[in-house]
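Please find one structure pasted underneath; my questions will follow.
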Amino acid sequence: MSGPIISLSGVQKYYGDYHALRDIELDIAEGEFFSLLGPSGCGKTTLLRTIAGFEDASDGALMLSGRDMKGVPPNKRPTNMVFQSYAIFPHLNVAENVAFGLRKHGLSAAQKDAKVAEALAMVGLEGYGGRAAHALSGGQRQRVALARALVLQPKVLLLDEPLSALDKKMREQMQGELRRLQRQVGITFILVTHDQEEALIMSDRIAVMFEGRIAQVAAPQTLYRRPETSQVADFIGVMNFMPATAQMAGESVETEIAGLGKASLAPDQCPGGVATGAVHVGIRPEMISLVFEGEEVKAATAKTTVVEQYYYGDMTYYDVALEGVEKPITLSMKNIVGRPVLERGAPARIAWDPRALVLFSA
Amino acid sequence: MSLRVYAIAYLIFLYLPIFLLPLFAFNDSTIIAFPLDSLTFRWFYELWETPALHAAVQNSIFIAVLTAIFSTLLGICAARAAAKYEFPLKRPIMGLIMVPLVLPEIIVGVSLLVVVVQLLEWQLSTWTVVGAHVLICTPFSIAILNGAFQNMDTSLEEAAQDLGETPFSTFRLVTLPLVMPGIISSLLISFTISLDEFIIAFFLTGADPTMPVYIWGLLRFPQKLPAVMALGTILVLLSIILLTIAEYYRRRGLARAGLKDKGGFL
Amino acid sequence: MLISAPALYAILLLAVPLGAIFLFSFWTQDYLTLITTPTLANYQEAWNEPLYGLLLRRSLMISGAVTVATVLLAFPIAYFVSFHVRPERKSLWLFLITIPFWTSYLIRVFLWKVILGYNGVLNSGLSGLGLIDEPLTFILYNANAVVITLAHAFAPFAILPIFVALERIDRSLLEAGRDLGETKLMTFWRVTLPLAMPGVVAAVLIVFIPTIGDYVTPRLVGGPNGLMIANMIQTQFLKLNNAPMGAALAVVAMLFVSVIALGFVWLNRKFLRVKQ
């Protein structure tokens, strides 16, 4: 593969005193489905709008397929955007919306029509060209916005929270379709979202942002299993943090975890760097299991009491109290045939695999 | 329910003078009072045969057209600036521009009179009336156009730029079509206000009276009153037609922007 | 900058002339020559000449009465349209309310003279119904006629701001009021009315201030006892050719109007805790 399609280095953005983007260093490869994930106000939309050209970086460089984008207005950039509100022109019909950007491409009317039809087919809106913009449902508006951007064959497609306005069913359907569409057209997609599940499902790589800074860039599995900071771990999924003490033992780190006892951690279990002394150790709820009578356990075990029980249907979540530890930890069990759901106050033996532990400096 | 009765009574109160107009306009009697006499069209003929009235009407239409164009242009600038940009002293500047909406019209009239006649020593003319009418119509234009500009999703303009249009072509292809109903509505309203305005025009009109100034003159002559009623009937019809068109465009503008109608010009 | 054109226009044709009026009020006129020596003579005359004081007091009284009448009459209409008219019919109602306002002002005022006159529509109608023997005379050529006519002329100016304020009220607040144990009437008193106050304040100002400056209505239907300060300003400028005196009267009138308007807003802020 050639160099990155997008390369940001040392990008800063100030609004008056407010530091919206801090030292952004980021390379995005051609054909990648890349997500910018973070809570509202973290700068992810500002970063996207900087790439699109609606915001000027206060400092730093933005290269788009090897070309410096400084001072290049949005209409001259090889990027196109799907807006959060979709920004469907209300005075134009569907076909006119999709053809909007083709005006200066020097195409004949027939060529234009063919391109529009092709783009509409791609998003599953064949024959909708004559519809008025206001007669569209939310999902359809989103598809028109997609077709309108994709028909220009941009180098990069920017999506600003495109699914946040849709209901849950529609959102899940569109997540699959977007992913399929991206594979089909092979264009780099950059998705802004605050929904960690959405980012995990759809992306090749994810950048997690907090307060204008990129905290971690990684593939979904790495991000989930090996978060570099407790903030990232906390933002993505559920993570139990347990106080522990750590010391080096050769390559690995020996830890003494409150309530769970001793565990030895390999270097890859310290993604944020090896730390010793007072630390925190994290473990995901699904990496802990209840041990029922008659089950054989190879992993380490501990005695607990059920403090609270949350029945989800397919899963049951439990808050369990470890002996001598105040803060309960959360675990989840699949509800399979023959497995009982424990009530509050019931004693429970838990098992965990030390390989699932992650170390965070305190 | 009693509220509805009250509302209908109130509407009758509002429309009472307008209902009376045609009654007297077609009444074959020089006295404006009941009981009514037989039906006649002669007051309309009389209007037709009054050259001074025609001159006044032409003068007023000229003033109203210019007023509509200038105040709408100024309104577009101000509404656009208010909706899109932050600038120092925004509130005081916008406040000053909107002041004529509440300022007693006589103050606008006499203050301009003082400047034009006493300080600049110019002659009063049709243009002094245009100047004052633009001043009082601009706030109405802004009020109408503000709705149009503020209702527009800014991401529409961004989308157009993102799809390759320059800021200028974005304005032409996206902004203008979307605010066009507001512009038409503003033109019609300014035209209507100017055509009807008397208090200021009375101070500032030159040798050629405007139509309301001419009507004011007629009100002193009882034998002319039926003709005034006939003229009034025509004017009411004209206003209703213009306002209906303005309202139609205002609603179409809302529909285009995909918004719910919240009602009202102001 | 876009704003500069309208701003410049407002400064040249509004701020500068207002300044000029103020300046003028300190000058004097001797037949055809302006004497530009600053003097308070005009204000002294305004203070000493009982006619001016009488006209100003009467103007303020009439404007006050017009404002009270207009706003009181308008509130139920605004309330009705906002709360009792189906949403899709609201703009039709507003349209109906605004139409009379846009039709020839002079002729409308004149028609009130026809309606209220000795042989007018009202008197002939009432006597036709046998309700009165003698025509009513207290309704034309006095302050009552001015109040009725102006209340008619400014109706939409009062209705629209109140309507807008009422529309903004979240309907669940009223349900909350009922839910918390208040009657309908008390909910109106404790929830709806305070929330509608910004609209009422706007309506009061937008009616009170311009009515002071109307000289057409008093002249046509007011009779000698219905004339207002604006008539005198007009006379000074156009008939007596004493622009400085007219300017001084205009300044005095504006001053009183501003003080009363600001005082009203201040009282509102203080006692009703209205957030603008």
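Here the chain labels run A, B and C in written order, and each chain numbers its own residues starting at 1.
Note that in this section contacts are C-beta pairs under 8 Å (C-beta built on N, C-alpha and C of every residue); 3 or more make two chains touch, one makes a residue touch a chain.
Just so we're clear, the structure is a prediction, and the values are computed from it rather than from any experiment.
Enquirer: Return the chain whose centre of C-alpha atoms lies at maximal distance from the corresponding centre of chain A.
Expert: Centre of mass proxy via C-alpha means gives C as farthest from chain A.
Enquirer: By C-alpha centroids, what is the most central chain here?
Expert: If we average C-alpha coordinates per chain, B lands closest to the whole-structure average.
Enquirer: Compute the distance, rounded to whole Å, between the mean C-alpha positions of chain B and chain C.
Expert: Each chain's C-alpha centroid was found; their separation is 19 Å.
Enquirer: Could you state the distance in Å from the CA-based centre of chain A to that of chain C?
Expert: Chain centroid spacing, chain A to chain C, equals 60 Å.
Enquirer: Averaged over CA atoms, how far is the centre of chain A from the centre of chain B? Could you give it in whole Å?
Expert: Those two chain centres are 55 Å apart.
Enquirer: Write out the stretch or stretches of chain B touching chain A in their complex.
Expert: Answer in residue numbers: 153, 155-156, 158-166, 173-174, 177-178, 255-258.
Enquirer: Flag every residue of chain B that touches chain C in the complex, lowest number first.
Expert: 3-4, 6-7, 10-11, 13-18, 20-21, 24, 32-35, 73-75, 77-78, 80-82, 85, 87, 90, 93, 96-97, 99-108, 110-115, 118-119, 131-132, 134-135, 138, 142, 192-193, 196-199, 202-203, 212, 215-216, 219, 228-229, 231-232, 235-236, 239-240, 243, 247, 251, 260-266
Enquirer: Under the stated contact criterion, what part of chain A meets chain B in this complex?
Expert: Where chain A meets chain B, its residues are 52-54, 73-76, 79-81, 83-85, 87, 89-91, 100-101, 103-104, 133-134, 148-149, 152.
Enquirer: Please name which positions on chain C make contact with chain B in the complex.
Expert: Listed in rising order, the residues are 1-3, 5-7, 9-11, 13-18, 20-21, 24, 34, 73, 76-77, 79-81, 84, 87-88, 90-91, 93-100, 102-108, 110-112, 114-115, 117, 119-121, 124-125, 152, 155-156, 160, 163-164, 167, 205-206, 209-216, 220, 230, 233-234, 237-238, 243, 246-247, 250, 253-254, 257.
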